[in-house]
């Protein structure tokens, strides 16, 4: 942790200490047993700074199901492979409706509003899958995560993926709906298989914060200097995270936290302070919008303490 | 213009020169004669820097109808008077639908999604009006604009207001709809009267950019040091502008320009580069979403040249 | 009452007696004081047979606010004046949504789905008003009702109309919405004035059943032989009453009662047994769909006893 | 054909002759090759009278894909097995939206509005399937059709069923959507399999008209006197056909034809004149609502000539 700004270490420690005593911790997702069994008392935070230093607190090394946070990385991967052609299949506007709504799809001819609602992420996954076997596509996504996190030990929790697939009727409805409009190229079950599996990738806050650093550093890995994406693309992914990253709670997240972020139903949130840090927080209890309750609280405290809001002078 | 960064002057000059030759200038709003008569060749830009300097180009002194840009200032005024109680009447989420949609109101019991869609701005105006005569409320709004722009010559274009009121059936539908849910306190016609009049305020790019400076400077007037709003509120207004400021084109604006902004159907856009500048652009031709076509193009060029995106390292 | 089928007299008497003891009588409409003060114990029924005879029971002579039942008669009047041109302004399909929904209007460019939802009836009223002063149009409607009921004593309850107008923001929203699409020709307030007044016509079950007879008799007054409308038009109005007459409870009414019918929030229902009778029932308590609870129950009993369902062999 | 009313024979002959020369015949469904290959010049009509006589014209013996007309019979079968418990899964109101809309499902928690839109029919099929293998359930449906039509030669067109299943993504979306709300009990693919197969039953106008007779005869087979359903149920099925049988064209069909009816995308329509006749028409060209263009025209002519509208005195 050498090289970290002292303030930051104190801020993270204070957040961990403050939240340890919080009684209202939200509700753990219960739609599949693998998520339902998460410990609501768990909390972890890792700040991966632009200078390469890392500050952590709480259960920073415990792997959790990253779920929808994976959508940031599949989008990045798909943009790398398809460029702006991707936007023929997916929009770039906030949805104004819940993460799994099909109403918008009907109004807009099967084109999902953005790549972070379920339908949009499924369409992105379908693009990555094109021309490949599901196993290959999934391997590519996993290797990309391992590469970004610089950690080949990252794996997929197959029990989570299997449970998701077995009960994921709403996502199957979305996928079939898009398929009926020709928005998906591959067999629905193949696309859903890859989707459920990449959502089931298990990562720790440390791995996640490291993996997100390129978004805080104009597309580059600050340790190696490797350019993951062009600077303009990093900015644009951040913009999408800000406007669409928390489903129908995106406005609220921007209003309170003031950073681009993407949440997952496993209780994780990845937030980006451009030029400063990539931050991963994790606490399994969710608020009414399906976002980590303590996770968001921690980020709100952190940006306030550090003055990291992108809306600040 | 002393004190301006040289780069900025060159950038503004180049933008003015480049756009002078553009043939595709969008379509001028035609729903009332006062707007329809605007010259599609007009273009102006003013950058009011955080250091107090100002750089301008094109028709920077020509007054135009600020229309929905006024919603940023009525929100600021109403937050000053009512604080967070305002949020009982208006949400903070992007709408995912056109600026004048009533569908969302029906789904959400008459509570508009955010203060920048028409329904939300009407609800904000109704709050300002409460306990006052329309004339008084309107006077208060106008004086606030004159104060912020440091220019008592700013006036309301009464012909525009009268035309809006005469033809504003869609807004009357929204207002009556909210009134049926008890979201408005005052007589519908009073509230609409104030609303149509504050939308009809005429300002130049210079006046508008100056008026918006407090949002770029954590709530303070950089010339006088006067604190218009607390720093946190300035950040939050910026967040709302980013997620909701361009109606159903907000995601696109964030993606391309990367700054909080608010557009008006008169062809103006106010954009905020926190810590750097308040920027006003004006060109009457609109794109399909009702936002100034050249205005957005100019902002896209400016942020690219100056590296001002809030999503950048 | 000479000439009535004996069975019918017994059936009506039994219905009156049975319903007298019912405890669950629904909820009286409470949105304006004039309706809220209705006696929930009131119940009246009149069957005006195709042979000219009349059978009545309960409070058959008590006037009540016919409210939306008036829409059957304004439609009849407007079709007489404008013929099929009327259908350029109003559709003929069930709405699938509540009586005062604006969502459908947005989806279908301001054209209401049918003449019996509020928006559709307002559009029909606007047609009748065209080229006239509100007072004249209202006089024409009232005289038409008096003529059909053969009773010049029928009047408008001006207190009801005034209350409706004062509180009718939802209807004002619908009217302004349609006006914004050019579906209304007259000033919104004029059209609403006539609409609120014709809804405030007060009639007894006897007057209403008599007025509806032409619909049971292929367009003719069975006593005088006067042809109110062509036979085909009578059939078509009946078809519209069946598919659209009870808002979003129309399917249920068809399923249970099996007759074309139109309900009003004042607790009245007019039902037509083609070739047999025009039936008016009244009881102020409403079910969840806003239709008279005992009124529908009475009609369900009557059609079962008399075998009058149009879906029966 | 002895016993038929002479007028009827002449009417049918005239209809056949008139329509033979019609140039505007609608568009044949093209979403699967098996339907796309239908001959647009084909036209058949059979009137099965309540007295047991039958009058036919055109291609009355040619089998066609009955498609959604099968929903009338699966509803009848399911009501026989489950009675009013069926209505916990399906509503009884017109949908106000296209046959395959998912918007209504989202608004109403996965409960389809009525048994004749696709979602509703799939839910009914799921009930029939419960506790059985798909093959058994399908056998039961087919035997029921053979029994009603008194013709054991009726079969399922397996090529049609296979094409439907292969391309039926929209129906798969609806089924998965309902499954996500727990409205379906069986594996989605099982339920869809049975659904696609019963829609692929091939019948001639003669077979279909005979099969529908019980609905015209208060639930009884007029030839054998066998009671298929109680009289009240027959009435109620007729009511549902009238309000919901033609999707979002149901109001129009009631307005023009004035009979309960159910159409199929194969170009068939079954219409019921209670107490008089069961009528099957077939012509593959469809109107904009997906209903047989000449089929509806024929029924409009027939009811006008015969005076069979249920809305007539």
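The letters A, B, C and D name the chains in turn, as written, and every chain counts its residues from 1.
FYI, contacts are C-beta pairs under 8 Å (C-beta built on N, C-alpha and C of every residue); 3 or more make two chains touch, one makes a residue touch a chain.
Being a predicted model, the structure only gives us computed values, none of them experimental.
Peer 1: Validating interface symmetry: for the copies chain A and chain B, is the fraction of residue numbers used by both over half? Same or different.
Peer 2: Same, since over half the interface numbering is common to both chains.
Peer 1: Counting only C-alpha atoms to place each centre, which chain is farthest from chain B?
Peer 2: With centres defined by C-alpha atoms, farthest from chain B sits D.
Peer 1: Quick one: report the Å distance separating chain B from chain C, using the average Cα coordinate of each chain.
Peer 2: 48
Peer 1: Centroid from C-alpha atoms only, then distance chain A to chain B, rounded to Å. What do you get?
Peer 2: 32
Peer 1: Express in whole angstrom the distance between the two chain centres, defined as the mean CA positions of chain A and chain C.
Peer 2: One centre to the other, that is 56 Å.
Peer 1: Where in chain D do residues touch two or more other chains at once?
Peer 2: Counting only residues that touch two or more other chains, chain D contributes none.
Peer 1: Inside the complex, what are the residues of chain D that reach chain A?
Peer 2: Contacts found on chain D: 101-103, 105-106, 169-170, 172-177, 179-180, 188.
Peer 1: Which bits of chain A are touching chain B when the two form their complex?
Peer 2: Within the complex, chain A contacts chain B at residues 50, 91-97, 104, 113-114, 216-218, 231, 234-236, 238-240, 242-244, 248-252, 254-255, 258, 260, 274-275, 309-313.
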